[in-house]
Amino acid sequence: MNKYVLKIKCSDAKGLIYKISNVLYQNDLNIEKNSEYVDTQNKKFFFRARLDGAIDTQKIETQLESVMPQDAVITLNKKVKKQIIVLATKESHALGDILLKYDSGELNADILCVVSNHDDLRGLVEKFDIDYHFVPSEGLSREEHEERVLSILGSYKVDYLVLAKYMRILSENFVGKYEQKIINIHHSFLPAFIGANPYKQAYDRGVKIIGATAHFVNNSLDEGPIIAQDVISVNHEQNWKDMQKAGRNVEKTVLSNALDLVFDDKIFVYKNRTIIF
Amino acid sequence: MNKYVLKIKCSDAKGLIYKISNVLYQNDLNIEKNSEYVDTQNKKFFFRARLDGAIDTQKIETQLESVMPQDAVITLNKKVKKQIIVLATKESHALGDILLKYDSGELNADILCVVSNHDDLRGLVEKFDIDYHFVPSEGLSREEHEERVLSILGSYKVDYLVLAKYMRILSENFVGKYEQKIINIHHSFLPAFIGANPYKQAYDRGVKIIGATAHFVNNSLDEGPIIAQDVISVNHEQNWKDMQKAGRNVEKTVLSNALDLVFDDKIFVYKNRTIIF
Amino acid sequence: MNKYVLKIKCSDAKGLIYKISNVLYQNDLNIEKNSEYVDTQNKKFFFRARLDGAIDTQKIETQLESVMPQDAVITLNKKVKKQIIVLATKESHALGDILLKYDSGELNADILCVVSNHDDLRGLVEKFDIDYHFVPSEGLSREEHEERVLSILGSYKVDYLVLAKYMRILSENFVGKYEQKIINIHHSFLPAFIGANPYKQAYDRGVKIIGATAHFVNNSLDEGPIIAQDVISVNHEQNWKDMQKAGRNVEKTVLSNALDLVFDDKIFVYKNRTIIF
Amino acid sequence: MNKYVLKIKCSDAKGLIYKISNVLYQNDLNIEKNSEYVDTQNKKFFFRARLDGAIDTQKIETQLESVMPQDAVITLNKKVKKQIIVLATKESHALGDILLKYDSGELNADILCVVSNHDDLRGLVEKFDIDYHFVPSEGLSREEHEERVLSILGSYKVDYLVLAKYMRILSENFVGKYEQKIINIHHSFLPAFIGANPYKQAYDRGVKIIGATAHFVNNSLDEGPIIAQDVISVNHEQNWKDMQKAGRNVEKTVLSNALDLVFDDKIFVYKNRTIIF
């Protein structure tokens, strides 16, 4: 299979579609699907196409650069499985769902290893013949702990870090090393219930719907660009532990949907919002 | 029809159901449906039953009081249409939906009148032969304006005030006069996006789901007990005005569902949460 | 405003986007948004663009025809309000919702008149200063009744007929006169519960979710191309009349969403399926 | 923990709640939660209570029988983990989800073994140290194959059979041996798309929403009492394989929710409908 994904982000201008499609047409490339969005307020143009054929990516990129606006960010990548590392803590549902999809060939990624600040999930992970790195945090400063985690991550060539209920806040330094490469699942319908124990917060507020949010991680806690969200109804009979249990199915489904989008190169991030084709 | 609703709220204790059902049984009353909930954390008991028969409400209440815990709040009311006043500003969708349901006999309430701080909705309201009170706020302090509104409300015997997109914040004084008798529709999925222009806030945050919340009004803006919520999906193509338009269908449906529950005496409020039977 | 919608449906081939965008670029037209879909199984190409500018539609269409495949169906229309006629029977919720949106300027259409086989809705319709045609069916064959309805419709220049709970089955002859111009709201989640009283059917089957479906009408009852669907949860406490009441909010919202899509020229129909941009 | 569940189904009559609560009160039993429903059309009464205490179940049942209508079906069982056997074929998602929940202690049941007509899932199941019985069907009549499966099932003391995408139709004989003890997940929103390949059917029909249904199995294919349903939105870009992939998350969540209800003794079945407390 010779499948490629072309992504272009630039200032909006007249004729961009024409110019892009002209380059592709002259190179006899078949566009299987293209999507386009113009942020009219900010005059920004976003374009994604799935291409089929034997492609000299360097040549096409150069030709596109010559006709696109100067600020254009152009990427043309062959579709291959992403290389990911999953970080988790003690809860198994989100991690387990990823492992199952990996095992059945449904995950569009290879899991390089799992890193955790606890040893609870080792048994589950090793069932699937995946390396498990236990990095305890006791007695360490956040920086020291992160250094040890970063040292492990650094030994792999990784495309994305997936926080599958990793219950530690990442430092600016950590996030800076993996910009737009860390996906987190937050157990609330953001921006409601930022921070600790959102199910407890949701119960106390008496909401009738709870949810989960998958987002890229940036430097502000729970404020990165949102990729996917979903919700379920709750009622007065459910205490916060019931909500937590019910929420797990939503959490793992939302994370799974977000990962599908990320691994399929369907997302642009712009001004803390995601454009998803 | 001789339909009654019995509601009891009290400290939890062993045998409450037995004691209540004993009183009803001795009086040969038919329970059409009963619901019960115990808040185990706070040891509070909530009970609602729909009764059928010719009932001496005073007698039953007295008998129940004699067997229930001292702190019991007991109400036994014949089912009759609630008397309501709708407050609105300029947007017609929530008000219009209520008017339509009233007109078709689906609303379990009589609309005594509509009060607004603008004159825009007069035409719509008067189509349905309902009195429209325009109370302009220009040149008035909040207190002065509220006094004029309160003066109108005071001339009616009203069970509930419905804020159908009434875009003014009510003072503590106003709310205090109609405790747990004011229902508001807020155009966001509370507690996300409290305050002004939640659709703009939602757009800026880049959420993938928006919603609406119907709640009782208390003294804190948008923080009263939640009655009903619902959501719809949005995507990057929708700017905040698109979201606002899409949200209107949710707003009016959520308000409509909340009003059905309120008018049918199905709600208890306890510690800023609603128990809904 | 000089807004146009260009729609093209044709056999798929390499370079179509290039050819279309070339024509538009040479004519200095600004594409505000374009969408494209290829049905790979049937090798069919669908394209829609929103254009801005002063356009000689005849010229552009001719140029496009000269470069597109022979089977291309090309339409380029100025965006104007659609002219619609609403058909209803006795239930007011779907009709009322359309009237309210029309009244508030939210409906992207003008209502030419309302036609009904009963006189019940006259009062509601006339509140909004819209002509109401009562066409009783008593004593008439289906053909005779339809002839009278068609005679009224024929006196208007109409773009779409909206069946807002019009409870009569249309003949092949009737449908043939308004192909892909009749939108119906069916009170079930099609294809479940085709035919009469779907809420009764849903209750008897014991489903936990009910829904509504907006679709174009073709010759087979409830089998036309689906435009929009939505659902709500139900439980064992709701008998079929409760479901019917709860379903009304879904029905009118689904119909409203479908009408927005139709009136905005966002839909292609192909092989009994809709492609919605 | 001394937790019990009392379930009563009988003809409706005046005073049933009083009579039940009287027995419980005289025995000094604490009702943690009770639920009640009257099917007014069929004059049937359904009652469930969660009791706490040291209970002589035989004595309570006898006392209840003496005061309840003659047709009363009364069960009072201590809350213990259900013993289940999972049947599957080749797809791993529903089975895998059950295994994960079992592994993390979230499943209110013990998995005695997994039975399959294929050997594909052996690796997954044995990761979790659960017996896997491969019962090939090649060369066997349906009866012969079922006999072999039944022989394995018969060697266990099982409460429920869970069909986690078991792709064989069960005979009347098989179902008769496990009445209301077999739970199936069907990959459509029943009653839409009964039978084979519902995703293909859904695609061909052009629906905008797909779903999944968990139900008890009776003798008619896909027509048993529905326990839980859920849906997700789809669009024209998704072919039936995309729908199938998207549907898997719904399937496993719906099955999981249904199992929670079944294992917690929350369901009554009456006239092919479920009453769920």
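Letters A, B, C and D mark the chains as written, and numbering starts fresh at 1 in each.
The rule is simple: contacts are C-beta pairs under 8 Å (C-beta built on N, C-alpha and C of every residue); 3 or more make two chains touch, one makes a residue touch a chain.
The structure displayed is predicted, hence computed values, not measured ones.
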Greatest separation from chain A - chain, by CA centre: B
Size of the rotation, in steps of 5 degrees, that lays the CA trace of chain C over chain D: 180
Chain A-chain B separation of Cα centroids, rounded to whole Å: 40
Between chain B and chain D, centroid-to-centroid distance (C-alpha), Å: 37
Residue numbers of chain D (touch at least two other chains): 33, 37, 237
Parts of chain A lying in touch with chain D, wherever the complex brings them together: 33, 92-93, 96-97, 100-101, 103-104, 106, 124, 127-128, 237, 245, 248-249, 253, 256-257
Residue ranges of chain A in contact with chain B within the complex: 37, 41, 189-193, 204-209, 211, 225-231, 235-237, 239, 272-276
Residues on chain A engaged by chain C in the complex (per definition of touch): 14-15, 17-18, 21-22, 24-25, 28, 30-38, 40, 233
